[in-house]
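After the structure tokens below, expect a handful of questions from me.
Chains here go by letter, A, B and C, matching the order in which they are written, and residues are numbered from 1 within each.
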Amino acid sequence: MGNCIVPYCDGPKSTNVRFTLPAVCFVWQSAMIILFGVFVRYDEESDPYWVEFKAKKNITSDSENDFYYRYPSFQDVHVMIFVGFGFLMTFLKRYGFGAVGFNFIIAAFGLQWALLMQGWFHFLDPVDGYIKIGIENLINADFCVAGCLIAYGAVLGKVSPVQVMVLTLFGITLFAVEEFIIISLLHAKDAGGSMVIHAFGGYYGLAISWVLYRPNLKDSSQRNGSVYHSDLFAMIGTLFLWMYWPSFNSAISDHGDGQHRAAINTYLSLAATVLTTFAISSLFQKHGKLDMVHIQNSTLAGGVAVGTAAEFMLMPYGSLIVGFFCGVISTLGYIYISPYLEKRFKIQDTCGIHNLHAMPGVIGGIVGAITAAAATEPVYGKEGLINTFDFTDSFKNRTPAVQGGFQAAAMCVAVCFGIGGGIFVGLILRMPIWGSMADDNCFEDEVYWEVPEEDEPVPPVLEYNNHMATNKNVTESHFTVEQS
Amino acid sequence: MGNCIVPYCDGPKSTNVRFTLPAVCFVWQSAMIILFGVFVRYDEESDPYWVEFKAKKNITSDSENDFYYRYPSFQDVHVMIFVGFGFLMTFLKRYGFGAVGFNFIIAAFGLQWALLMQGWFHFLDPVDGYIKIGIENLINADFCVAGCLIAYGAVLGKVSPVQVMVLTLFGITLFAVEEFIIISLLHAKDAGGSMVIHAFGGYYGLAISWVLYRPNLKDSSQRNGSVYHSDLFAMIGTLFLWMYWPSFNSAISDHGDGQHRAAINTYLSLAATVLTTFAISSLFQKHGKLDMVHIQNSTLAGGVAVGTAAEFMLMPYGSLIVGFFCGVISTLGYIYISPYLEKRFKIQDTCGIHNLHAMPGVIGGIVGAITAAAATEPVYGKEGLINTFDFTDSFKNRTPAVQGGFQAAAMCVAVCFGIGGGIFVGLILRMPIWGSMADDNCFEDEVYWEVPEEDEPVPPVLEYNNHMATNKNVTESHFTVEQS
Amino acid sequence: MGNCIVPYCDGPKSTNVRFTLPAVCFVWQSAMIILFGVFVRYDEESDPYWVEFKAKKNITSDSENDFYYRYPSFQDVHVMIFVGFGFLMTFLKRYGFGAVGFNFIIAAFGLQWALLMQGWFHFLDPVDGYIKIGIENLINADFCVAGCLIAYGAVLGKVSPVQVMVLTLFGITLFAVEEFIIISLLHAKDAGGSMVIHAFGGYYGLAISWVLYRPNLKDSSQRNGSVYHSDLFAMIGTLFLWMYWPSFNSAISDHGDGQHRAAINTYLSLAATVLTTFAISSLFQKHGKLDMVHIQNSTLAGGVAVGTAAEFMLMPYGSLIVGFFCGVISTLGYIYISPYLEKRFKIQDTCGIHNLHAMPGVIGGIVGAITAAAATEPVYGKEGLINTFDFTDSFKNRTPAVQGGFQAAAMCVAVCFGIGGGIFVGLILRMPIWGSMADDNCFEDEVYWEVPEEDEPVPPVLEYNNHMATNKNVTESHFTVEQS
């Protein structure tokens, strides 16, 4: 919009991030280089000493390198993070660049920071003090990033890129602490991260959105919606999330049956969710018409809710039941709960993450706790029970019932970290230094992006040229476009 | 379309699916839960008893779990089903939601039903009577669903979501019976499903479309075409189908050389198809311009036609020959055969599945029969011949020539099931209870979807705001848009 | 545009490819069939004699078939070639068909020709004289094609499909020779092809573009830009390239630690690039607004630049440093160098491949040379050093320092082949027989494609119908559209 006389960014609320954004990017990226230099090295499977390591451990084949087990799932998760989350948020008519672009930078920064944070908590080599990274760390970093991307969904279109970076910095940090408490201290299992990722990320985002409440957001309401093609772009995100969710829930499971079972359970739960989402979407609309918002989002709720229990003996029908109810609850959430939360609690949740992540995440935690508490040796086998719940070392004497209790405790930790952390970070983000936009300029890419000028029909130049050759009688409208 | 006075759905032909669609979804999904509860369990590779199973079978490494062999291919096939088929059908200017959305529900319901149907025919555990599922079943279910999605292509834009569900219910059932006859009884090989999936699915859809003939479909002809961006969305589908087709044709092959060879053959056939498709598309258009319909569809025909013989010793040049001719035939099909079928046989084939699936599927069956009949021990090796054609147990004495005969018979079975089943299901779908639309409302998402209101250029609000600050002389047109 | 009186293609510069394009496609595809028939067979891992081969080599498990190691990476690379490169180039408002369509035919033809060319140089069986192909060849063919697709980026929108085929024919040939010199003769390592693919492809394209200089290209400048949705389509390409780049750089590494390490290094380098790209993009624009051109392209430069050294002990922080600087340099390239090259050197580079491929490729070659020269036994281990640099057979006595010298020499070979080959091919492409368009018709799909007629808002037909029933007062504009 080069011909603006009064530049947009010089109004009472400056959205010019020309110095803050580059400063944050350069300083933080430089810090990453230094911290990686001091702390991070390759693990033994990605180190040239692998030859010696193999010999020592009596590994005969390179196919035993974790890389070959986990790389395909890693890439699926990677696609979910960048294309899945990125395009799912492109549904807004004028916020596609911000959706996919800020999603990109959150993820790119977040995964570096996550490698460090998770490394410090989980992967420090006791001998030399280095964080040793391999394929499993890359997957975990993607998981960690997912929590922040979920939170971004709640504030989509209402924050500046600098705020987004701050949200990520603290989000990753909180995640790493929360994960350490849940996985290492409580020894809870959470294969697909229903609690660790979705419940935490969901409440983190909702709390931030609550603190950043915008009273006059209705002034931007004409852009808080979709157009035909933006809904199709969003479906790209939906489908890649939906298809690869079995990889997500099984990516860091132990090799063998647990990983296999996690994929099957997730596949089935997601399938059931689709049918009940369509059903509720049609049932609650006048004339029975389907709503793309539900199809784009609620169809995924089954994957969230089956996350914790995916490795367990949930049974195929159990997965279908979980998916069935999550489709119903999530869609009803979009119809009833989101408007209520906005009106009553002043929580403005752009993507409806409460219905797709927070609520299903809590359900997933509960399902996980029940399934764990109900585990028995006849169902799992003696070794299978130990393998599945990792009842080894200092947790050797834990029983399924006790495990169920710790699973429930873990869920509370996730929710508390989400809400508490979100309020804290929200307050930081309220400082007027981050270049946020005014309430009437939300959901608009032009605030932070160079947007191509026109959206009018492109003039059919060739035809025009041909007409020119034979016939001077060209329509006025074409001329107007050409000359502009 | 909130301001319609006369609601669309109250016309002489009601398209209101507010009760039928939810009813079908809820009842069928509940039935799935019950049937899965009664019949379906994890197989030994996805069961915690895997530890014991491994020990018993002397398996030393978890990498021998079928999951690691098949999961990457499974995910590729999964992407083809949901993104490939879904986006390929988004080419219509006003039917993107229906394309990708109804594709989604067909697949989500179909794969559950397929797990049961295929399970009953192929995977019943003789000891305890349960269907034991693992990664191979998930792939097979995706294959089964592919048949119905192909059929959906023929009736795209002309059926209600309830009809789509009925089409799927019967389609999966017919598929399972047909597959049992072809694979188990006739012992025909069909790695990529040229016969089982494409010929069956193609003729099933064409027969349904023939029974559901709409005499006044020309009243919807203004929407039976693409716009610029819808053609690009469709190319997403085309490319994911094209790229992952080697996975499709090799996904359920036996481990080792057969799977490897199937991928190579498919890759080569598809490459050749692209060149001849471009050639014919340009040659048969005035001024030599290329037609996106051909590029989107006919480039895939080589993958279909190489399906049956993909595992066989088709040889690299043989694959290229198959691809060469299929590109030609399929593109000519779009130019000449489809209009002829519509005019002469009253078969309205929205996506041209006759050219992409039915015809190439039959060609694939013939190529398979010939390649099988021509198999010799010098080419395959003694063990290789037995492995490739599975000449074991009760088929120990079968010769390649006899196998060729059974392959040909299998193709006839597939075509007959397709046509017969399609006519039967078509008659069911003609009942006036399914909420189908009138002939002049076809290819229109608004019938079953809440569609965002505008498609006009989005008002550049920021510039508008800036103008407002400095200059009251804003163009009228912007105002109009803002206020609407 | 059926209603043109004077057909577009009959102007002074004929763009009618109705005979040349089909002729090229048919003749070349037929030649492929003959050459494959004479030269190409399955390798031992994709041949039914695999059973005997396994026994002979004492391979106990089918999972040792290279197919299972390499297929997932192969598919990722395949997606980069077709969807990544294809959609990355859809950013132009009126050249989406040409971007994704011509990318398709380049790749489909190129990979067949590459299988032959690379086969003759690298994979000829000394016993029977056949080229034996398997999964590794398919990956290499995709790599080879990548060089031509990069070159296509420089001339995007300015060449005819026939020129594109010629560019590919020579590009693949030059690539195969250059690769043979670099990999086999100089014994340089280039896992991700920074030199072999990116530097060569980049300079090849730039040299062609230089020879094909169009003095009046400004007459097409109104189409040499993006619209809102075309930028989102391009982001699909960007993200799939970005996500799968670790597969690209590790796809043909030796099994084990090298492959694992290459993926990690690429992942980290790319992450760092994103942050510095955002930083520079914002810093150098008025008002700090981000530019989609930079986000779409420069974020990938880190993957290019880490290609050669990806297998080496670059260290995690080293990868971040490479990514950091490439993001900066590439973005500055788009801002300053590209306009300068166009103005001063008359190099019109549509996609800015100089900034994304040529420059980062050279940087990658330098980084690789330095890292190789700096390799020491304590860091790699005795066997690790030999494995990583393949210091075996006739290269047994090579030292890291010497290797570094050969790496540097390799880079010069790549650049020289690119520039020299590009000038040669550019001169061929200047012949007036290829159906190229005039300067004022560049960047326009209509020249070679049937483009759907309208881009105006689609009439909301249902509402219109309803209105008709109750109220005859329909807006004129709707009528106009309906009747057209």
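Quick note on the criterion: a residue touches a chain if its C-beta (ideal position, glycine included) is under 8 Å from a C-beta of that chain, and two chains touch if they have at least 3 such contacts.
For each chain, UniProt lists the protein as follows: A, B, C = Ammonium transporter AmtB-like domain-containing protein.
All values derive from a computational prediction rather than experimental measurement.
Colleague: When chain A touches chain C, do the two copies use mostly the same residue numbers, with over half shared, or different ones?
Modeller: different
Colleague: What angle of turn lays chain B on top of chain C when you fit their CA atoms, given in steps of 5 degrees?
Modeller: 120
Colleague: Centroid from C-alpha atoms only, then distance chain A to chain C, rounded to Å. What do you get?
Modeller: 30
Colleague: Multi-chain contacts in chain A: which residues touch at least two other chains?
Modeller: As it turns out, chain A has residues touching two or more other chains at 7-8, 61, 63, 68, 72, 228-229, 236, 454-455.
Colleague: Please name which positions on chain B make contact with chain C in the complex.
Modeller: 1, 4-8, 61, 63-64, 68-69, 72-73, 76, 93-94, 222-223, 225-229, 231-232, 235-236, 239-240, 242-244, 246-247, 255-261, 263-264, 267-268, 270-276, 278-280, 282-283, 285-292, 295, 299, 313, 315-317, 320-321, 324, 379-381, 383-385, 387-388, 440-441, 444, 446-447, 451, 453-456
Colleague: Of all residues in chain B, which touch chain A in the complex?
Modeller: Those residues of chain B that touch chain A are 7-9, 16-19, 21-22, 25-26, 28-30, 32-34, 36-37, 40-42, 45-52, 54, 61-63, 65-68, 71-72, 75, 78-79, 82-83, 86-87, 90, 96-97, 100-101, 104-105, 108-109, 111-112, 133-135, 138, 161, 229, 233, 236, 448-452, 454-455, 457-458, 460-463, 465-467, 469-471, 482.
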